[in-house]
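Right after this note come the structures.
Both complexes shown next keep chain A, but they swap its partner, so chain B is in the first and chain C is in the second.
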Partner chain A sequence: MSVGVRSSVLARGLVALVLGACASACEVSPDADERAEAGAIDTRLRTHAISPSVPTPQGLAYLEAIADAHARADAAADAEDRAAALRQGLAQPLPADLPEAEPLRLELAARLCETLAEQPSGVPVALDLLAPMLDPERSLPVDRASARALVVLGDLAVEAGDDALAAGSYMRAIRVMSLLRQELER
Partner chain B sequence: MSMRRIVFALALALGCGPSAGGVGPTVDPDRGGIGEDPPKGDPEDRSMGALQRKLESFRSKKSLIMSASTRDPAVCEQLCSLASDICEVQEKLCELADEHPGDDQYQNLCREAHNECREAQASCVRCVESNK
Partner chain C sequence: MNRTRQPESSLSQLAGPPDVRREDARIAAELVALGEAEPDALEMIPAAAEADDVAVVIALFGLAHGAGPELSPLERRRVWRRLETVHGHADPDAAPKRGGGLWIGLAAAAALVLVPFFAPEQMKRTSDPDAHATLLAMGQQAKRTLGDMPGGQDQVRARALADDYAARLHGAANSDAPTGGTR
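And now, the complex of A and B:
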């Protein structure tokens, strides 16, 4: 599996590098007047397209490191070791001028949070990690990784009993996927 | 060679034999000589402009047919996978809405999610149908 995940991540990164140009016009401008009211379900979604970038040795090294982190997580004996491997991947410094790294990082974070949630009292830790990364004020890349991370956040919120956060996250995930669908249909 | 044979050979040479299909000059018995085929249909159909327009029309029809039939199957796969994921998340969202029956926010989100699910499924079906 390690080779499969590694090549999958590398291939994904390279495909994103090459096809990034196709992901134009995905940007959804946030409504300036749209603000989350107190107690309301926050479904605000800011997005941006992933701009293409020129592959650099640093960028490729980052992709390699993320693939290694997934591979080590796959080979881990238990959830704790898996979380450690994924944390190491997440700790990798983002190379400059590699926007394609953003979805990879979100994917890694989502997997880490799923792993953390398996551990006793891991849900609040996972929520603390993932919620700021997906804050409605932050712009998310229009990518399946954003949708997946939002779904994981929704699942964590359900576990934590925060239905408003769960509903908002699920709706935002659906909207990201809807944007991807519209992009494919063009 | 008899006069009759000479006339027949001349007629063949000018392309008005039985195989000419009426596209070339023909003998007009009323005029007693060789003339043009009578026009069939709208005379404008034979103008360069009309032919150009017809050609463009055929080209655009062909490109429509081609684009529908040669769409990348991988796109359909992605559309259908998205539809499946959207509908799965919609179920989660509507389960939450069921727990808040009196809350319009939840009910509206459930409705919106349901519509997104239906649209995504329709996209998937359209794509697959166009690839048949």
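And now, the complex of A and C:
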């Protein structure tokens, strides 16, 4: 068996162990009220796949608006202008039956929160925005955007001194990335 | 509910691929033949780790998972230092490819995650420098792993998605045209 193949097999086994450990972590306190206790590390992760929708002109207009919002944010002179562009993107009315929008909204929110965190007193605002979108009760798309948003939430939680939220967020991000990798290898 | 349960598997069971385990078994058999004490799992780590980076990560995972022997803080620090030394002297030509790097990043991050998980009381003490340092390392590892994944450019990704969607929309419109309509 070559080193590469052996490494791949080992890595799969290792990730199975990791996922098993994560599953065990999810069993620690299945009751939501119990998890709400201060200091509890909530590692629950519910996910769903994004299937391409039937394209519509309204859907295209939305996706174009989001791409433009990112372009304006890239060209922004400062953090304030960048945040304004990203807010405008998030404020776009969401058309019906456009599941592709979900990861885009997570990316916009994550980027906005990164920008807010650069500003004085921006961390609590960013936490208020991002934490509900990534609530463990909510299902997240199996997408890089979910992992990125969870990492940003972890960073914000570290800044805010909430180590339990930070650890849970990082762990959930890692699980999303594991799922993505599994999908890529299929 | 059991936060502190120990896994049944031992570190030596986690610490390497079959050929490494065979080598470990051969060493153990020779030591027994010489009347020496059988090596414990900890002593087998460098032998497993020198094979490749994955073995190092597995050994780290085993320690983080509590699968290794009971260690004093000093012994634990020595083990991590030995592992770091082995890892640091790895042949750069034998470094895993990008995909392997991702796996290793995930595994290493997960191993770091499990350290505070199996000691949850540490997480309530934000002033604990060790717990906080572990948390920061976990975040750094998660970010590195994320950085290795494609799609890191927001505008590029959003634009590509919009372009793909537009192509599908126009393709569907063309296929609905009664007489081979063109765009």
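The working rule: the second predicted complex is superposed on the first by the 147 of 186 C-alpha atoms of A that agree within 3 Å, B and C clash if a C-alpha of one lies under 4 Å from a C-alpha of the other, contacts with A are read in each partner's own complex, and residues count from 1 in each chain.
What we mean here is this: a contact is a pair of C-beta atoms (placed from the backbone, for glycine too) under 8 Å apart; a residue touches a chain by one contact, two chains touch by 3 or more.
Every value quoted in this text rests on a predicted model; they were computed, and no experiment measured them.
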item: Chain A residues touched by each partner, larger count belonging to chain B or chain C; value: C
item: Chain B versus chain C as contact partner of A:173, first or second or both or neither; value: both
item: Touched partner set for A:154, first chain B, second chain C, both or neither; value: both
item: Contacts of A:163 with chain B and chain C, given as first, second, both or neither; value: both
item: Chain B versus chain C as contact partner of A:97, first or second or both or neither; value: neither
item: Touching partner for A:57 - first (chain B), second (chain C), both, neither; value: second
item: Partner chain in contact with A:135 - chain B first, chain C second, else both or neither; value: neither
item: First (chain B), second (chain C), both or neither touched by A:181; value: both
item: Shared chain A contacts, counted only where both chain B and chain C touch the same residue; value: 41, 147, 151, 154-155, 158, 163, 166-167, 170-171, 173-174, 177-178, 180-181
item: Residue ranges of chain A touching chain B (in the complex, touch as defined); value: 40-41, 43, 147, 151, 154-155, 158, 163, 166-167, 170-171, 173-175, 177-178, 180-181, 184-185
item: Interfacial residue positions of chain A with respect to chain C in the complex; value: 1, 3-4, 6-11, 14-15, 17-18, 21-22, 25, 27-29, 38-39, 41, 52, 54-57, 59-60, 63-64, 66-67, 70-71, 73-74, 100, 104, 107, 111, 144, 147-148, 151, 154-155, 158, 161, 163-164, 166-167, 170-171, 173-174, 177-178, 180-181
item: Complex contact set, residues of chain B against chain A; value: 75, 78-79, 82-83, 85-86, 89-90, 92-93, 96-97, 99-100, 105-106, 109, 112-113, 116-117, 119-120, 123
item: Of chain C, residues touching chain A in the complex; value: 1, 3, 14, 17-19, 51-55, 57-58, 61, 65, 94, 96-97, 100, 102-104, 106-107, 109-110, 113-114, 116-117, 120, 123-124, 126, 131-132, 135-136, 138-139, 142-143, 145-146, 149-152, 154-155, 157-159, 161-162, 165-166, 168-169, 172
